[in-house]
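Per-chain numbering from 1; labels A, B and C assigned in written order.
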Amino acid sequence: MIDFTFSEEQNLFRKAAREFAETEIAPHVPKMEETSRDWDPVITALGKAEMMAITIPEDYGGLGLGYVARLIALEEIAQVSVATAMMMQVGGLGIEGIVKFGTEEQKKKYLPKLATGESFSTTAVTEPSGGSDPKGCGTSYKKVNGSYVLNGRKCFITNSHIADVQIVMAISEDIPDTFSAFIVEKGTDGFKATHEERKVGMRGCNTGELEIKDCVVPAENLVGKEGKGLSIAMATISDVGRGGMVGCALGLHQACLDASKKFANERILYGKPISNLQAIQFKFADMKIDLEAGRLLGYRAAALQDKGERTGNEWAAAKYFTTEAAQRAAKHAVDIHGGYGCMEEFAVTRYLRDAYVLGPSAGTSDIMKVIVARWVLS
Amino acid sequence: MLNIVVCVKAVPEPNVANKLKIDPVTKSLPRQDIPLVINPLDSHALEAALQLKKKYGAHITIFSMGPPPAGNIVRECLALGADKGILLTDPAFAGADAFATAYTLAKAIEKNRAVDVVFCGMASSDGATEWVGPEIATFLNMPVVTMVREIVDDQGDEWIVKADYEHGYRMVKLKLPAVITVTRDLNRPKPLSFSGILKARNKEISEWNHEKLKIPTELVGLKGSPTKVTEMTPLESRRNVKLIEGSLQEKVERLVQILSEAGVV
Amino acid sequence: METESAAVFVLAEKMEREIQPVSLQLIGKARQLADELGANVGVVLLGQDLTNDAQKLIAAGADLVLKADSKSLVPYQSELYTEIILKLMVERRPEILLIGSTFMGRELAPLIAARLETGLTAHCIELVIGGEGVLEQRIPAYGGMITIVCPEKRPQMATVANGVFPNPVLNPARSGEVISIEVPRNLPQRIQTIEIIREKLEGVSLETASVIVAGGAGAGDQEGWDQIEELAGILNAGFGSTRPAVDAGWTELETMIGQSGRMVNPDLYIGVGLSGELQHMVGIVGAKIMIAINKDAKSPVFEKVDYGVVEDCRVFVPALVKRLKNTESYAGKVAHVI
């Protein structure tokens, strides 16, 4: 069945990603935390370090590596900045739509620049009507003179303001129950990133609203076929969006563990480091077991995906588990820090806030359970 | 096109290895699996080669002597941009001191192909003798400059370099082929890239043992080492520390008192 | 001098018109080793205008001085020096050859050792004649000491840093033999030192400072490092470092105290944010009072000092500096010297 060890090459990817995160991303984190913006340096760094090229095929200027490599990179980057990992992973969502469902022309047009980081992408599905209920989508399109005209509003879209290339899901005004996905470029008339959200966590990760008013999109920007929009959106979100959340969660979880270990070894109470106390040790045990389990769920799903299989179910289970576990780990980390866990100079306060944004991203825990139940009962 | 050799050593991660202690009972080092990394100064040696490759075109061969896991380090060097790797690995090479190490490396370099310049880190993080570079030079009958901090002129086969010296540096003129040992001031090694790691898939790493080098076992490893370690003694701590207690300010006051009693303030 | 009798040799070095202190220290040590072996002490000196130097070497304990005096020997030239020294070693066949861990020494020693196919130990802090007259060479490592020997090959070679052995008492009445060595002319040299350039001088010389402050990884960053430097300044102390601080780029390698760095001899030593690694601690010889500041109560440094403060140096040092700045207004405060 399985060899549970990473290859030499995968270990090198991990090393490269870790060094990148520590030298190129970490210095920008304080500013991002402070302003909830200032994402430009990390976005540029991601592009330069080829992080956006991981899942783009070599023919279009990418590295043609798979989802395991992507998970490794996300995990390492999230240890340093979940906000950055989130922007990277959602960028990968936009890329996936084009790679899997795009026409040859679309691939040639958009992928090379996405690979170098010259342009950035995202997928816009969620609306005020609910992300958990995508069919309630209000953004609509209609065919006019051979082009499509889109109208509506998207919210909670990661990379809303950064993305040059967005895959937007909309419902047909003419044909009932028909969803389609369109590539919309930044700067297109009638397509505007408006409100920027200020989130409690993942600060510096660009989240915002899109206002779409009489936005004309050329016919060649339709992704896949008309009517396939929902399945395209769902496929990319379930297989890649959730996978990306797992990377964010695993990285954050490791960071919680590392910070807690360092603190517990230095903090003296009753004449000894608190890492000697069983109550504290049991928290470490909980964190560690969860992390090991989460890793296995995640890498198993990624490995299956690399073999070409559909992995929506496996990712749902992994996303649920790792994001819930990361939230528990962050709470443990704060508890271990005692009073210091409330002080902003201690990174665990950020971990706690980041952890809880993991929950509703790319599908809430409850939705994950719905999917897993379906997996069992179908 | 230049033919460059970079000698690289796989060393236990310095931050971890520096905490190792001789066991007072067994009088030897406890077995511990410490991850191996590229000897930090060798990264600077490789970077020097890579910069020359970028400037003039070069073929870079990595030589490393070590047990099989050291192969990962060689692969990492290929991922960073070297062209070929040769791992000298053989149980007979174990226990080598600087002399035997240099001899083995020199024999391999000689066997491989004509070389214009050999870069080495000036010392390893474990061991840290600084001897291997100069001894390789002697065995290859090449001149050597140690502790190079800057390459001032690298055109043709007469170079000018700056090497660390007492309270300053010396300007040195050298004729290739030569051995150069480098300090960390020489350059800033570029990081690993994903595409570099991918490209390394097609690069060759050979493993050579003493038979391939055609040297008898008497001349390598422990047998070929003129020096031998005879004893490891743990050192007992020598002072009874008094920990100064109290609040921050109380500790400051007490320390100032100690310094004042010592005539320092 | 007979080439038959065993000899302990020292390669002495002259720089900027002075014999290097480490050379004299090694001659003193060689004298002790030679006396135990019933041998003579030979010294090799290469340079220019060496007329008065031989006598100093003899006063330090040399029985024989082999000097090569020529313009071509200044500045140091590795190939020329190697050929001259090699020839002498082959002729004289000494038991032991000691070389100071200067920049020249660290380059020459392996070149000579490799040509002679003999063993060479770096940065020794102890040299003892062991069983069967073999030289036991001790270096610190892994929290203890490692003993190295070169059982068969000769000479047994070792490099030693300045300050490890004491300065010998010079006895001007000692006598010895001085031989002038011929310097080969027109030796083809593939390497040439064109010029030696001196850079900035350090403030308080570490080797002569009576108070030394040393900083380590605990400084955290350049700002933390600068705080420790400020402390050293206020105490008018020598300011040294450990390897992690050098690796982090906060200071130069030249400030590093330790086995492969500088050896120091203060009366009072304060280690700030460092773990007391043996490699560093062996660089501190004979301090009367040792103090450590470290935030980790479990740090090994606290086993090696007289007074310890468990505090984050980034918090403690500024507080201490602030307090000391106030002390300066207490001019005339009485203190007695230890």
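The criterion applied here is as follows: a contact is a pair of C-beta atoms (placed from the backbone, for glycine too) under 8 Å apart; a residue touches a chain by one contact, two chains touch by 3 or more.
This one's a predicted model, so the numbers in the text were calculated from it and none came from an experiment.
Across the structure, the highest number of inter-chain C-beta contacts is found for B-C. Distances between chain centres, each the mean of the C-alpha atoms, put A farthest from chain B. Averaging C-alpha coordinates per chain places the centre of chain B 22 Å away from that of chain C.
Here the spacing of chain A and chain C, counted between their Cα centres, is 56 Å.
Our note on geometry: chain A versus chain B, Cα centroid distance of 40 Å, whole angstroms. Among the residues of chain A, none is in touch with two or more other chains. Multi-chain contact residues of chain C, defined as those touching 2 or more other chains: 297, 310.
Listed for chain B are no residues, as none touches two or more other chains. Partner chain B is touched in their complex by these residues of chain C: 15, 75-76, 78-79, 102-103, 106-107, 109-111, 113-115, 117-123, 136, 140-153, 189-199, 201, 211, 235, 237, 247, 253-254, 260, 267-268, 275, 277-279, 288-292, 297, 302-311, 315-316, 319-320, 323-324, 327, 333, 335-338. Of all residues in chain A, those touching chain C in their complex are 265-266, 268, 273. For chain C in complex with chain A, the touching residues are 295-298, 310.
If you check the complex, the residues on chain B that touch chain A are 72, 75-76, 79, 191-195, 197-198, 200-201. By the touch criterion stated above, chain A contacts chain B in their complex at residues 8-9, 11-13, 15-16, 19-20, 23, 49-51, 53-54, 63, 65, 69, 73.
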